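When the chains are written out, they are named A, B, C and D in that same order, and each has its own residue count from 1.
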Amino acid sequence: MIELQNAGYSYGHGSLLSELSLALPSGSFHFLVGPSGAGKTTLLKLCYGDLKPTSGAVMLDGRDTRGMGRDGLAQMRRRIGVVHQDCQFIDHLTIRENVALPLMVSGRDLAAEAGNLDQLLGWVGLAPRAAARPPELSGGERQRAALARAIIMDPEVIIADEPTGNIDWEMSQRLLSLLAELNRLGKTVLVATHDLALIRAAKAQVSARVLRLAGGVLQAGAEL
Amino acid sequence: MIELQNAGYSYGHGSLLSELSLALPSGSFHFLVGPSGAGKTTLLKLCYGDLKPTSGAVMLDGRDTRGMGRDGLAQMRRRIGVVHQDCQFIDHLTIRENVALPLMVSGRDLAAEAGNLDQLLGWVGLAPRAAARPPELSGGERQRAALARAIIMDPEVIIADEPTGNIDWEMSQRLLSLLAELNRLGKTVLVATHDLALIRAAKAQVSARVLRLAGGVLQAGAEL
Amino acid sequence: MNRLRALLDAALGDRQADRVVPPAGHTVWLTVLTAAAMAFLAVFALALSLATGRLADRWADSLAQAATIRVSAPPEQADAQVAAVAAILAATPGVADARPLEETEQAALLEPWLGPDLPLDTLPLPRLIEVTGTEDLDVEGLRQRLAAEVPGATYDDHTRWRAPLVQAADRLRTLGLLALSLIAGTLAAMVTLAAQAALAANRPVIRVLRLVGARDAYVARAFTRRYTLRAAAGAALGTVLGGIATAFLPEASAAGGFLTGLGFTGAAWLLLPLVPLFAGLVAFLATRRAALSALARFE
Amino acid sequence: MNRLRALLDAALGDRQADRVVPPAGHTVWLTVLTAAAMAFLAVFALALSLATGRLADRWADSLAQAATIRVSAPPEQADAQVAAVAAILAATPGVADARPLEETEQAALLEPWLGPDLPLDTLPLPRLIEVTGTEDLDVEGLRQRLAAEVPGATYDDHTRWRAPLVQAADRLRTLGLLALSLIAGTLAAMVTLAAQAALAANRPVIRVLRLVGARDAYVARAFTRRYTLRAAAGAALGTVLGGIATAFLPEASAAGGFLTGLGFTGAAWLLLPLVPLFAGLVAFLATRRAALSALARFE
């Protein structure tokens, strides 16, 4: 589904990622770890086309991201659910509307999806806060809403950047179970995290591989 | 230094915090834990005057926050360094300028503090990124910059809300040592976190107490 | 076709997409107020152009009309010379009408200078012939033929003192049209800037929309709709106010006709509804361009 | 005192605080453009007011001046009656000058109607006396005394046809002043809105400043300074453009004097620098009010 071919990236001040090669087949589950500033978020952005590699290529579903126009990318993003590290919301819409946003912009019938939406909000424990606006949520609540938005479109791929950074242990476990469940249904999952306990817990539920990013290179399959 | 006297808070939809009484003497070190949405951030905001209690009183340095005007609060905030959960920066200023912002707004001579500033940026590992703007930083780098900004004024109190949510283990240890060091110099420290490993590590370095917030009430001094 | 569909979409279209733009931003009000002020001024400029246009036309007409031929001749030859002039005039293309002045009319003209008691009938007064010409009248040719054939006749067409007035009226009309285009340009610039300000302020919103898979057209439409409607509404308000204000301007009157008479007359009122329509169109095009170029830039 | 200090601070003050406001926001340009457009229009309105003011004054003057007394009397009484009129005029307060017209002057006036060959000296022409009055001249009283003492004398002050013109000029002047205050009001409203838009857009910035201990005055000053300078700069630009445009307006001329002659003359040019100063002041007060009230509201 996602394939990096000698992909490199530089923000202009020296090369950050160099010659990364990596294939995430459909249905796989990967963790991405590495020190702060190593480029985890950058790598994830390459994987959903928010950034385009400055060398090499990134293929999404067999298509090179550099060849996709803005509308092509928009189409692709509807198939990839993303939890951003700095959960991005539209502040004047309610949490329910924010979670439903991917449905809205792709022209889906909101009424038909209402049941689905409410069930999902219940799952991540946000049902009582559904009518609140993003700035009225706690940090952990925002992260849970971001996860809900990432999976509302039933995407083929789920990419999550530090999805549990602000969440207590119990809730983390619950979100992890959700991701494991989705992976069992055939979704490809890629999670960047610095929470080693989470990874250890995950090993019990799914067959996940851990990718370690450091010094601009990737050590695939590293065990903890 | 900080004292809650039967303080309660409600955002309008039911009472969130009720009748909290708590005294943080000068030079103490406290952790604040509790599930996501329990009200940790809200409690911290009460402690630095960003919110005023809807019942009871919060005393800062012996003065009731409800009696302080906006300028009085501004004055008080220069004595309390805060690391916000959603690190707040001014996006068009560099990281160096953002960290120096408390000096700027209180009319200090920036040139005189330059050495101090650079040393601090080095300490949190941001010296090479000092000229970057906040959106160009990684999540963990932003959190470190927020901590640097919180302590640049050499405040009497340091309040940190999930300061290590996006930071890898090694860097967390380093920031913890910095906080412990400051505490030994007499600063009052209050840290909200869900990272239990961090608290365990801290016990070795300082005599910290753990406050658990759940269901709107505070269990002071709870051991892990 | 495409433009038309986009326009209709913008006017009626996707209310759901509209929700994603923050509701009552200050730049939105800035747009409304700007459009209102511009429309108000446009109404005045329009009134000025129309009034001066009318004035210039009227004067240009009367230039051709109000000429006088004076025949100074001994009494016994007067009739013959007047007849000769009449014959020449009859043979001249572009002369609509020619009429010798009655003696009583001539006396009325002279009264302020000579007093009512002057025995005009005893005087060898010159005869005056009022000539009404059309635009085709070849004044120079007529003058030469008169000089050659009727030595006592002098053609006086008042051009000397009226021409600068007509010229001035023409200039004022040009000025009014200039002001109109200036105003339209300013409106476009301001709506563009307002839209850009809104887009810049809503960059986080746009970023989120992009991240969840919104296409450019979806985002642009939301902004275009908002700003087109606001600019049109503001312009409608300004037009109404401008219309009311011009209605209270001094009336056209015979005496001060060129200075007053700035108000709209008759069918000219029908021009007013065009102002908000035009403003809406300008806003639509300006916002759309701003939105699409901003979206390409934000990348 | 406080205001003055704030103004000086705003004009020269804290460049460091200035840095915290994002540099080239679109609302800033909106302010510049708005100020420029308003200044441009203000210059026109000012020119209009001044020109119509001059015009109304000139006409009001000539109303009192350009009166004529016509003495129609048998030739043998004419000199005596003219002398009687002169005596009355000499005794009337408010008469600046009175002068009997020479026969040649009178002949020149009549030429268009009577032709150059008329033997005027054989005619019992009325005598004409040109009267130059001041504002104090009591026209009605003079008329009555003339009627009582010199039956052949008629006072003709042309009021009938000039009064509506003066009235029209007066109205235009009022209109110009109205336009000026409208423009000033619009400027203030727009700068306020622009400042509010900027404050709203920069709410995150303001929040951060607050969190690190900035006082209201510090935040307000940063915005006030920015907007005052931009509004003044924009207004200066608009004023220069407006000045250039009015300089290209048709010249005042004897013939078309009331319609043209809109340009500035002499010392009136000195009014122009006041426009950007005034705009700056308006922007300063508007922004300051907007900033302080917004800061109180954001809490």
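Methods note: contacts are C-beta pairs under 8 Å (C-beta built on N, C-alpha and C of every residue); 3 or more make two chains touch, one makes a residue touch a chain.
These numbers were taken from a predicted model, which means no experiment stands behind them.
Looking at subunit B and subunit C, the chains in contact with each of them are A, D.
Across the assembly, the mean Cα position most removed from that of subunit C is the one of B. For the pair subunit A and subunit C, the distance between mean C-alpha positions equals 63 Å. Distance from the subunit A centre to the subunit B centre is 29 Å, each centre being the mean of its Cα atoms.
Centre-to-centre, using mean CA coordinates, subunit C is 23 Å away from subunit D.
Centroid to centroid, with C-alpha atoms defining each point, subunit A and subunit D lie 68 Å apart.
Residue positions of subunit D touching 2 or more other chains: there are none.
The touch graph of the protein chains shown is a ring with every node of degree two.
You'll find the chains touch as A-B, A-C, B-D, C-D. Residues 11, 33-37, 39-41, 85-86, 125, 129, 136, 138-141, 144, 161-162, 165-171, 194, 196-197 of subunit B touch subunit A in their complex. For subunit D in complex with subunit C, the residues that touch the partner chain are 25-27, 29-30, 33-34, 37, 41, 68, 70, 72, 106, 109-110, 112-119, 123-126, 128, 154, 156, 161, 163-165, 167-169, 171-172, 175, 186, 189-190, 193-194, 196-197, 200-201, 249-250, 253, 255-256, 258-260.
Across the complex, subunit C is touched by residues 50, 70-71, 74-78, 82, 84, 88-93, 97, 101-102, 104-106, 149, 153 of subunit A. Listed in rising order, the residues of subunit D touching subunit B in the complex are 16-17, 19-20, 22-23, 204-205, 207-216, 218, 295-296, 299.
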